[in-house]
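Presented sequentially are two complexes of chain A, the first with chain B as partner and the second with chain C.
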Partner chain A sequence: MNLQIHIEEGNDKSHVHLSGEIDVYTAPKLKDALIPLTSKQGNTIEVNLEQVKYMDSTGLGVFVNALKSSKENGSKLKLINLQDRVLRLFQITGLQEIMDINATIRGVNE
Partner chain B sequence: MESFDFIEMRFPAKAEYVGVIRLTISGIANRMGFTYEDIEDLKVAMSEAVTNVVAHAYREEDDGEVTIGFGVYENRLELMVADHGGSFDLNEVKAEIGPYESTESVENLREGGFGLFLITALMDKVEINNNSGVIVLMTKYLDEIEVGFNDGHVSTRQ
Partner chain C sequence: MDTKSLNAQDYIDLVKAYVETQDEKTLYDAEQIAKSFIKNNILPEEIVNLHIQALLEIYPDLKDDIQASMKFLLEAMIMYGLAHQEYQQLREKQLEIKSEILVAARMQQMLLQSDIPKTEALDIGVISVPANQMNGDYHHFVKGKDGSIGIAIADIIGKGIPAALSMSMIKYAMDSFPENLMSTDTILASLNRVVERNVDPSMFITMFYAQYKPNTGKLYYSSAGHEPGFYYNSHSNNFEELEAKGLVLGVNPDTTYMQYELKLEKDDSIILLTDGVTECRREEQFIEREEVLEVIKHYIHLPAQEAVNQVYRHFERLQNFQLRDDFTLVILKKIV
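Right after this comes the complex of A and B.
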């Protein structure tokens, strides 16, 4: 019930690998990791959610916040490899239309 | 009268316990025979309700507790989440819920307010009582029809 955040930073691209659960407990840590990356002008931040097994509205809030920061600072935020269950929350809330969400993985049981 | 089992638990209203509460509901829902998808929905709905209590306790610097209850019926699971600390403005919460419209500009995107919206989207029935503290009551029914009959010819008649 924790979240591991692994960041690989290049010149104009940052890869963020997340593993674990995003909830009210882990969301602040994720926000602290993402906002500095989105604050760099021209940076592209690719967040890999393949290993995120659980997420709720606190995670949506962090990504909305990071998206705002990227728009303000001229960077790009991409979410990749979302599990079906996680993607579903972006669909239900209409956020899928607004965020750059690529390639999904099928959930184990779907 | 319809018989049911009732389980009640109290936790400190702290973020680190929300994951523990998810494990609890996962266990109960699994025992009742809910599908994988429904269990995931229940985990999110429960977490959202508890997160509201935790966030409120944090803002008020209140070392409060959250009381959760499970009503285990033959055909449904009722979840109760009670905030016995202060109370928050329900109208304010309701005003903030709803999906994003793609016409909204990014600058106007809300960062919060999804919790109650997700609860209503994922559960079959949601009731909120705001008289003394806040009590959220959420119900999810066990599907009578097994998942997998998706050929469009399913009948619920016996």
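Right after this comes the complex of A and C.
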């Protein structure tokens, strides 16, 4: 029930590495980390979810919030390396169609 | 008052006894008397004061410096006493808030209650169990003048009270639609605009809306990013996923939805659920969707209400079962 957030900030690109679980307890921490990044105009935020084994709908809410914030502020949000279970949430909710998601983990996912 | 002075003498006697015998039983008694002190709101500094009295009774010639040190301890404990009083006040306050939430939750339940419509066409069963006091799941039935039955099942994402409160908004929006004129896709599109304008950016709603028309035997449905339900074909004794694509409500104001249709035969069933059903956890393991389906299969032959009750009971019985999310399950069975 813990989430590690590691951020590498470049000039106009931020890499966010997440590890652990995104749920009702850890979602606020993720929100506090992501929203300032998406508020920077022209910034590209790449979130690596390879080490996220579990995410619930509250976590999904944080990404919806970040997506809205990136649209408002002219930044780009990109999710990469999603585990199947996490990817399924984005598929069911139709969010996959409107978000930049690259799910491939070494060819394991479709 | 009586118990207080009684306990005070007891304490002094106990200290005496322990100094003399140092036996375990006296220590146990100390524990008991401490509990009764707590119960009677005796402050820490009062206990230190008692201890000083006990010492003076046991050792009438207690050295001055020891006495002074005890006084020092007494002063130090006063701050603890204040903290303790504050804690008591917070506890009372918390109880107050808790009961207020309970009242709000009951009120919400009353406002949102949607009775199963009486119909010859369908046997309908529903169970909805909140994980916390306020339910973030929502279901709603509408019966049209032509006998059509509308069913909405929704999950409000974004936890807690604000999320639960936004459900009333959904209900009143839905009540204001001219139900008979609207198809499932336009209902979702209209709701989407209402939700998008009115919720916090991290909140959204998943909804599955179905409409059954008894005169044609057809089910029409649309999904706004909701956990797919199942269709049970009684003839082939098979379950199929009710596939429907669509974005969750509240993300993009211009979203449009698709309407799907399905012909139901006698004894066919439709199973609608929220992800609380599939997100049950057993220790560190998830309950897979297939497993949920197996359980539903086992009870599908029962009358709809009994079936949903049994499915819930099955999960409730599991060892270390813990509801992480609100649990809602609806079964519709075509009976004619």
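Here is the rule we use: the second predicted complex is superposed on the first by the 104 of 110 C-alpha atoms of A that agree within 3 Å, B and C clash if a C-alpha of one lies under 4 Å from a C-alpha of the other, contacts with A are read in each partner's own complex, and residues count from 1 in each chain.
Here, contacts are C-beta pairs under 8 Å (C-beta built on N, C-alpha and C of every residue); 3 or more make two chains touch, one makes a residue touch a chain.
Just so we're clear, the structure is a prediction, and the values are computed from it rather than from any experiment.
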Report clash or fit for the pair chain B and chain C bound to chain A in the combined superposed model. clash
Touching partner for A:E21 - first (chain B), second (chain C), both, neither: first
Chain B versus chain C as contact partner of A:K68, first or second or both or neither: both
More residues of chain A in touch with chain C or with chain B? B
Check the residue A:T93 against both partner chains and state whether it touches chain B (first), chain C (second), both, or neither. both
Touching chain B and also chain C: which chain A residues? 24, 56-58, 60-61, 64-65, 67-68, 85, 92-95, 97-98
List the residues on chain B that touch chain A in their complex, please. 15-16, 18-20, 22-23, 36-37, 40, 43-44, 47-48, 51, 54-55, 99-102, 104, 106-107, 109-112, 114-115, 117-118, 121
Within their complex, state which residues of chain A touch chain B. 1, 21, 23-25, 54, 56-58, 60-61, 64-65, 67-68, 71, 85, 89, 92-95, 97-98, 109-110
Chain A touches which residues of chain C in the complex? 155, 157-159, 201-204, 206, 224-228, 245-248, 251-252, 275, 279, 286, 324-325
Residue ranges of chain A in contact with chain C within the complex: 24, 31, 56-58, 60-62, 64-65, 67-69, 85, 92-95, 97-98
